[in-house]
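Here is the structure we will look at.
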């Protein structure tokens, strides 16, 4: 299939590699020539502009951009995708942005005859390389079926979350909960260990009890509990604290717009923010346990 | 085996029933004659006082009391267990109390030659009836082995958490995390649904993603998501909000004593407390989602 | 002096009245004809557009708009103020918006030779009518002196807070603290009264002790303590909860941009948001004490 | 007047000095011989035990002890005050403890014919030396009048807060609010300065606006704003963070007992607790602003 890919970032390189390996033709554009080089080294063709990608004979265009303002500009700006794209090209935005913006852009696309999916991704650079990403997809089910051939070579699942914007809703809700549970595990593990428990034993108890969660059984923040979690490598790699702050910011902003309180969510955002303010924003978000551990 | 059982409460009846069914002889004492009757109807013998139980030819005494002050009184008070019990009788306190008090009482028991285990229980009245309770056990491993014959007829597992008091530490740490994740799930589910997602779909996404936790995949608080959770029956039964407040109080009190901050834990305690103050303390703690749902 | 006034809202009417009483000529524009009528009834002249105000022979233009996006549009949009205003006209934005947006607009104004002040106002509609508003002013001191003749007829003080944007900074910092202290007073008064104190006596003790604050000694939220606070009239009038949510939103948003944590501030925002979600957003923000009072 | 004084601590020395200077005879007891020496150097007589003080011909006994358990022991223990004191001796407990314990002890005193006042004190060691303490007094008004001759030489005011225990209620409510406002000022000042304001100017604006509070206008935590606040001397002296944690602990504990939520209060307690856990518990509580200031 002919695929356009705009906005590569750190994850775009491995994603492009996987698509090319699966036999797709890739036309890529990114402001960073380094990011483009990773993709062209893997066999992609470089385009000179968003407009060139939009105007070429692609069947699908995938975008992955840092924030809503970039998404709006790339789609709706002068010389943006919508200005040049042929009808029937399927548009997939894999950025993580707020649901309302995603719905606005999708509505604009639909107005001129292009189906659009929001498909934020989870799994990080590791998942991108391994092809085990999860896509949370908002839009028409039929459009998701058209996209599966591409999404399936990059990820292990693409979940249909409902109409436009719902992929973003699912991601923001999931990551809100993730941000909270990680601090919860940090508090519970730190307290238990300070009170005299062995961290591995405590994690085992929790993982077979009602406190069980992904943050405790798959990504435990306490050093020494798991060999393959960021805690085992000084909290490098993984999902950066500053990215968690961004996602919690999307959650609290969306909550404000719909008049919904988020007591633990908003407090969690501030706790990560205070941690980042101390220069730790690049560490994996599970490093938040350092806030609670006196020796560190 | 000859077993003494002091402090039956709601769970003691079914626990006694299961022990008697397994062939044990039970001598019970409780201030409530109703609670005693449930046990004697199941085949237990009633004792007239704590001292009578302590002075009889039992091999194990199990206690299950509301708070640390009762435990101290029953064990260390005039006419308490320690005043009359024969050496070598194994003492098991299944109450949920603070770890420091548990260690104090265990040390007093040990001084006069009685081994003691702290073995707080989770699983609720349902688990007590079904014999699927979990015991989190602090004390000597050898003493736990002596107790297994009895614990195993009441529960599905008895986890050794380390020396005296560690059963309480494990329980307090687990329930701290549970109290936090339940509010986290309430915030995430409420936000996602308000933003347009179907609650069942959202729960499915979360349960296969990094937000996954027992509060979402086993005990989801959103009405309509699970058939067998308290949310499906108006939040009746289950684990009462006031019990969660008690456990979070044990966590924040223990944290204060060891100088450990619990930001989300303390805030969660207050959120449940505010909910209880509005007359909802008897509802299952997952009813806290009502705080976040505008229609309710 | 010839003055243009764009964006009247609820407070613009009395402000216009005071300026006209002081002998100024007023040319006003607002999208709401009702708001315009209040001003023209007081002696102002109505303009048909922003451009008409900008193009007329005024010495000062005052704007007072709901949010940053309106300010940007009115100043920087096509047919906006900057497109048509003569150099040397002093621009005063009395809106409450985020400091960064205020600085952007001021920089744009300066580029084409217009001095601009940000001058958010506190004191509410009551202060507008009485002419006792406070203006917190960012910009050049000399420009503030040029504006004093006008600001002084509307308010009792105009404080110079530093360069462009600092008026907004001062307002956002003050209202952040106000939002927190009001909840603090609500918690302290509710707890003290529940524990057996007379509310008036408790307020007196606090007001002569280290808990003293404007929220306790001038605007006490407990009913019966003060005759002239919103608590004495069912929390009507005053400073609406939804406006406090807006201001706390500006604070947490600005804090996120500069990587500063706001633990109590963010939690306070959510507490007001939860209160508003229950349909109370129109009540004065001191009504937040209802969250803590069981009888209400 | 003949006065017994039990439990001197840091403040008892200067308080004893002031009483002796005013012509009173003082019989003192403390477990620390250093503390006793300060008082005897000032002219007091040392007693060998609580019982000796209780049994001597005093008209008033003042106690000032670290926590409720000490108060109960000193009054109600074997050889405690109530076991030996003559009827009509007025008992004044100047300790800061929870209201319920204060009421219990006062009721026990009253049962055997001794009037008792709870009179927790604020003002710190500085106020003790200068004789400018504030006493918040619970008990009968007539008993307070009997005590005024003594209290007035130690403090600048003794406020009648209502019946027994209400002195403690007033103190706990005031200090709850104080603990919150200090963090509120820390957040507001830090945010404002990070956004570009001069700290002195920001404090001036706040102090004449609705954010005004004792923590900003009398005890501002931002270095450089006030010459005589702890911030000007590295946060030494003043009211220690660990004492604030104790008082907030009394507030949250009392709130739990009466089923009252304290969202900001409980979170504030944890914020101070986290600060103390990093080894800063001896600093004045206004040092909490260090949590928010990146350069520190």
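Details
Letters A, B, C and D mark the chains as written, and numbering starts fresh at 1 in each.
Quick note on the criterion: contacts are C-beta pairs under 8 Å (C-beta built on N, C-alpha and C of every residue); 3 or more make two chains touch, one makes a residue touch a chain.
Note that the structure is a prediction, hence the values are computed from the model and not measured.
Shared contact partners of subunit A and subunit B comprise C, D. Distance from subunit D peaks, on a Cα-centroid basis, for A.
Mean C-alpha positions place subunit A and subunit D at a centre distance of 52 Å. Subunit B and subunit D have Cα centroids separated by 38 Å.
Averaging C-alpha coordinates per chain places the centre of subunit A 38 Å away from that of subunit C. Residue numbers of subunit A whose C-beta contacts span two or more other chains: 255, 259-263, 267, 271, 274, 277, 291-292, 294. If you check the complex, the residues on subunit B that touch subunit A are 99, 122, 134, 136, 157, 159, 161-163, 165-166, 169-170, 172-178, 180-181, 183-185, 187-192, 194-198, 201-202, 204-206, 208-216, 218-219, 251, 254-255, 258-265, 267-268, 271, 291-292, 294. Per the touch definition, subunit A reaches subunit C in the complex via residues 245, 249, 252, 255-256, 259-263, 266-267, 269-271, 273-274, 276-277, 281. Listed in rising order, the residues of subunit D touching subunit A in the complex are 263, 267, 274, 277-278, 291-292, 294.
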